[in-house]
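Structure record follows, encoded as structure tokens.
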Amino acid sequence: MIKLKKAIILASSMFLSLTSYAQAKDVTIYGVSSESGAFANFGKQGSKGLKLAVDAADDAAGMKFNYSIIDSESNAGKAARKVKAAISKSDARYFIGSTLSSTALAVGKEVDKAGGIYINGSGADEITGTQCNKAMFRWSAPTYGAVNASLIPVLDLHPEIKRVYTITPDYVFGEAMLNNAKIILKKRGIELVGNSYHSLKEKEFSGYLSQAMATKADLLLVLNFGSLATNTLLQADSFGMKDKMQILLVWSSGLDHFRTLTPKVAEGIYFGSQYWHEDESPANKAFVALSREKLKETPNYPMAHYYQMTKLLIDSMNATKSADPDAIRKHLEGLEYDGLTGREFINAENHQVEKYFYLLQGKKASEMKDPDNYANIISKAKYFLPANETGCKM
Amino acid sequence: MLVVSHINSYYDKSHILHDLSFCVKQGELVTLLGRNGAGKSTTLHSILGLVPRVDGDISFNGNSILGLHTHEIASKGICLIPEQRDIFQILTVEENLQLSVKKGSPWEIKDIYRLFPRLEERKKNGGGQLSGGEQQMLAMARALLNNPKILFCDEPSEGLAPVIVKEIVDILREIKKSGIPILLVEQNLRVCEVLADRHYILEQGQFVYECSQADFFSEEAEKMKTKYLEV
Amino acid sequence: MSSSLLSVINLTKKYGDFYANTDVNLNVKEGSIHGVIGPNGAGKTTLFNSLAGSTKPSSGKIIFDGQNIEHLEQYDRPILGIGRSFQVTSLFPDLTALENLRLASQAQEPARGFVFWHGITRKGFGQRRALHMLHRLGLDKQAQTPIKALSHGQQRILEVGMALMSEPSLLLLDEPTSGMGVDDIPQMINLLKQLREECTILLIEHNIRLVTEVCDQVTVLQAGKVISEGTPLEVSQDEKVKTAYLGEGI
Amino acid sequence: MQNTTPFKTYAMGLIAFVILLPLLIHSQVLATEILIFAMAAIGCNLLLGYSGLLSFGQSLFFGGGAYAASILSINFDVSLLTVIGFTLIVGIALAVLVGFFSIRRQGIYFVMITLAFGQLGYYAAFLAEDFTGGEDGLLDVPRVALKLPFLPDVHFDTDISFYILTSVLFVLSVMLMQLVVNSPFGSVLQAIRQNENRAEAIGYRVKLYKIAIFAFSGAITALSGALYALMLNFAPLSNIDIEISETILFMCVLGGLGSIFGSIVGAAVFLLASDFLSELWPRWMLILGFLVILVMLYARGGLWASLMIMLERAKEILGIKEKHNV
Amino acid sequence: MSLYLFQILNGVGLGMIYFLMGVGLTIIFGMMNFVNFAHGAFYALGAYACYVVMSITGSFWAGLVLAPICIGILALGIEKVLVRRLYAVDHSIQILITIGVMMMIREGTLLIWGTVPKSIRVPELLAGIVAFDDFVYPVYRLFIVGVTALIGIGLWLLLEKTRFGMVIRAGSERPHMVALLGINIDKLFSMTFIGGVALAGVAGALIAPIRGVDAFMGVEALGIAFVVVVIGGMGSFSGALIGGLIVGLVQSFTSGFWPAGTNVMIYSVMALIIMFRPNGLLGRA
């Protein structure tokens, strides 16, 4: 009886070790994405982007690329534990993506300890600021860039805007967005007539919206994101606010937001976005074609940025012909390349990828050329603080 | 009309009724006597399907009713006036009555108000605001409206002042006159004496004595009463 | 003449507008067995609950052994020496007979109940006394039987045994024979007769045979009030009592 | 559900379990997480399984323990024992507070009060950014060393050493809880769960006992929260979210109410399933929901009891065969 | 001054929505002493049903009418298979089992409709706002308040003025006695459960155009609905109304001066009320 047990244990542990060491020459890229839980939508799309990039990669430099998806279950603790396990169990070194900033920060610490590379696109500015480390790279514009790249062109387009009302989620991200906006408004001499903070679990924006209308603002500046933003805009639409003022949602989720809101709500509203599939850059055209061919769908932001981050990693492995994290880091630092948003540049001092940020405007349903042609690109721009102002000490 | 043969009733593991057999005939008023805990109420509840396990056979108007749901048994015309009266406290008196109205009943609400003038006075009051006697009247009224073919009366005089008891007895007598048989559980022997046709005495879930009204004052019956009913 | 162990003075209990007990006065002499009888709805159980502490009286006093106890919580009373049984058997159904009794014994030393750092097989947690009680109740063989597997009569006897574990000077019994088979009743009567040697008993009972056989003193309640008091014989002669039980002439 | 198996057998069984676990599942980190959540599930079981109290506020103790340990380890140069001691005090204090208010009510009202405390804890942690890091959680939580007089410091920076630390605390606390449920105190709890009124009538102050078991639950849950934070080097806000309460509750129910070993099985099965199934099928929670319904309807004893029943049957069959052989 | 007025009006508007979320829950509890933690899941399903009907027929009105019917049919099945066995068991077991149901429904919706939130347009007829001076209010919200008021009055009439309501109230107090009057109490229980759950479906369908449709909306609604009925008193119809209004007003006022603290305030208010009024404001003991 006992002998049998021992035999089973021995056999199973041998089997497990065989599977993990058999492909020593392969490079496995780990996608951290929320496959289940409250942000399953984001994670699922992200994983698709990652897979697309890995599948399309050549096995240059004698390396074969694999991927493995770590389901963060929309929970930072889970993600940290699974990443830890992957590092210790499978010697994982390369990680891509996150949904929540808290996940990215925690995973970043782990990967840094293990001496790996972690590219993500999280919103929190600490990633390339106070909490930066040499393992983490960030492919997304910071709050500073997002606010500048979206608010300035809107103000340029609408010189009649004199009064602005803001709606801000009450935590670090919202605070950063608001501060950036205040600086711009002050510079232009535009009055901030009011601001409403709200909690991250808020569903009811009617009170804030009515206050915005009561102040007779010319621009409603929405500084929240995700489903908070969806609710804000749906409710703003039902208040008929579009007829009374301009509305700008700085941190939209791009295509997903348009799909959820439908053109009737989105029409005329300005959206800031990290990505838009209709960008004319060669890399993006190739990517959209690939996605439409392989997946039969138009890529959205999560898919695109996981794809871009993965491709960036694979390209630099090919370029350095190695899977050595240090070599790859050196290669990435200061790299300039053709990215999805155009020419992109990686700042060596804080590992911020300096990419373009879009300002979009929702189209009328009747003017849409194809089912995903929800918006016009009004402008795209890059705004980045000098690395020494971000608080990053690497 | 109602024939109960060899029933045994159980609550969980406790065997409450032991092999009871009795019957109630058309137009009869039969009493079940016995001290507290002798199994009188359990007998009524067993017939009405309120006891989890009952073996034996119970038939009503020739059809077996054992194993039917309480509401099915009740709709066959077996009406219980429960010991606790079980007035719906959150309903008004009138609502309590309306709820019980069933088609075909020889009594209508206006007959009830004639029979129980007090209930008419209090028809807007909540059931919870009634005195014990009024509650008892309401419970009886409710049963009458429910088109009874047989009436089960569980201790109607309990906790009531003598004057009220008298009123209740009068009403029972009137019901009996209308031809509806009554199975009466009662501790108040005087009530039984003036109303009943036959008596059963229960002790520990078994019948210990059975007699007609005529024999109820015989020497043997008196002995039984002393032994099983009196202080 | 022995003195009163328990005195109830003008005890009244209201539920809303309903008076369950009105100005009840009662004296239970030390060493006696005192019965409380009355027809259904007379307020016996309410009185009992006030004595046992599971409800608080609206007014009036309860003096036990020279001490006012009407304000004390239920859990304080066993420790003072008042044990109670329940009308509907109320034991710990999944635990063994022994464990039930042991728990009742352990409760006598409140601090013991909070001992969590070792098991209960050691002496001193009532194990020995519980075994003793089982023996006395004639339930030795059932020591390891869960309560739910015992017969009803055995449960009733255990119900009384539970109350005894606190070594009460006053034992309150709520219908000790309720639901018991005829055959088991003599066993209960025997137990009560034995008990009178060690404590005072106040019992509510319907079984008149039992009351006349064991009680020294009987109080009769009707509609929440005391209507008669005396020896079983005196009470049974009382016309008021007869009327209360058998009804007035109609 | 009194256990008669000798204490030593339990200890040996537990030690064998903690040695085999990482070998079988081939991941020390996952094994550590299983032990940690098993402790939390036991904390929940003390309330629900042994005392009949359904608490939706376990996240408060778990998260509270995690924050307490993290804040202390980040800001002060302390020994591991100090951190554990402080965590236990915080856990007990929170539990006594919740217990004191919630046990006055029963049924759904009890559940709602514990839920309200859990939610208040969440929002308090969210708002008290200076102490808890708010949404980002507390990062860089160091695994403080065990400092003993006259001996070199013991560090727990590797996965294996931390697993050993967790195992030791796990075995100790499970043994303690096993003692508790079989102690005089535990017997009173069983009595209260089965018949509260009678327990009070024979002289037990039921409320005090309920608060006391809350304290035990709070202590072990807070300790598990603290270990979780040290394991991750990170104390996320999600530690104190209602979802953690739910997860702990599911582990406890799945494994079996009223059985300490059940909770260990429940935690292991839940975490292994979420680890493997979530990668195969993101909608695996559908099965989990179904399982919870099944267990509650047909097998209150949970997976552990079902396992035991199967073992018994197997033994019976074997036993019969042996007899035939003779 | 006008700010306060606005906050009161907005709070009342919210309160009516919360009443709608809670009322089905409270009726089911009051009648059958059944705690339904899957209530929120049915609410979310109501929103999805409305979305599906609307995308097929193109009519919001069809969705609004058919959604509760679909949910009712589903509830009928669940009652027959599962809920029926749970009337007699402990609250805690009811809670754990209905949580299981909630998870299955939530994961099921994700499986069927995917993870992308859906949205429903406010019907043309009800788009736009009404303005009184500075105070503006969307027509659709007024519509919800109106419909909720109508549903509330309808329910009140049904419960207070019809024989059916009388039977339900009587059954909530003494189910045995109702059976003794020859009324099928089990059927009544099924109908109450279906009705209560269908009300959750109505709430989901009505709210969908305001907050969109996603699988997780049920969990939020469940929290709010329970707070509402616990404040008002589990089982009390008017308690649900008062509870809804209290939560609505607390939320409206708190969001004015401490937006991050709205949930803290709501749960604190609930905890305080249970401490001092153990059965809620209008609950029966």
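Every chain is named by a letter (A, B, C, D and E) in the order it is written, and numbering of its residues begins at 1.
Keep this in mind: contacts are C-beta pairs under 8 Å (C-beta built on N, C-alpha and C of every residue); 3 or more make two chains touch, one makes a residue touch a chain.
Here the structure is a predicted model, which is why all the values come from computation and not from measurement.
Looking at subunit C and subunit E, the chains that touch each of them are B, D. Minimum number of contact steps separating subunit B from subunit D: 2.
Chain centre most remote from that of subunit A: B (centre = mean of CA atoms). Separating the CA-averaged centres of subunit A and subunit E is a span of 36 Å. Taking each chain's centre as the average of its CA atoms, subunit C and subunit D sit 42 Å apart. One inter-chain figure worth recording: subunit A and subunit B are separated by 77 Å, centre to centre, where each centre is the mean of the chain's CA atoms. The geometric centre of subunit B is 32 Å away from that of subunit C, both derived from CA atoms. Multi-chain contact residues of subunit E (touching two or more other chains): 110, 260-261, 263.
Along subunit C, no residue makes contact with two or more other chains. In summary, the structure contains touching chain pairs A-D, A-E, B-C, B-E, C-D, D-E.
Within the complex formed with subunit C, the residues of subunit B that make contact are 13-14, 16, 35-37, 83, 155, 157-159, 162, 165-166, 169, 187-191, 194, 203-204, 229-231. Remark: subunit C residues 52, 54, 73-79, 84, 86, 90-95, 99, 102-104, 106-108, 110, 112-120, 125, 162, 165-166 touch subunit D in the complex. Within the complex formed with subunit E, the residues of subunit A that make contact are 38, 40-41, 44, 170-171, 196-199, 201-204, 206-208, 210-211, 213-214, 227, 230-231, 234-235, 237-240, 256, 259-262, 264-265. Within the complex formed with subunit A, the subunit E residues making contact are 3, 6-7, 10, 13-14, 110, 114-119, 121-122, 127-129, 134-141, 209-212, 214, 216, 220, 251-252, 255-256, 259-263. Subunit D meets subunit C in the complex at residues 1-2, 7, 179-180, 182-188, 190-191, 194-195, 197-206, 209, 212, 216.
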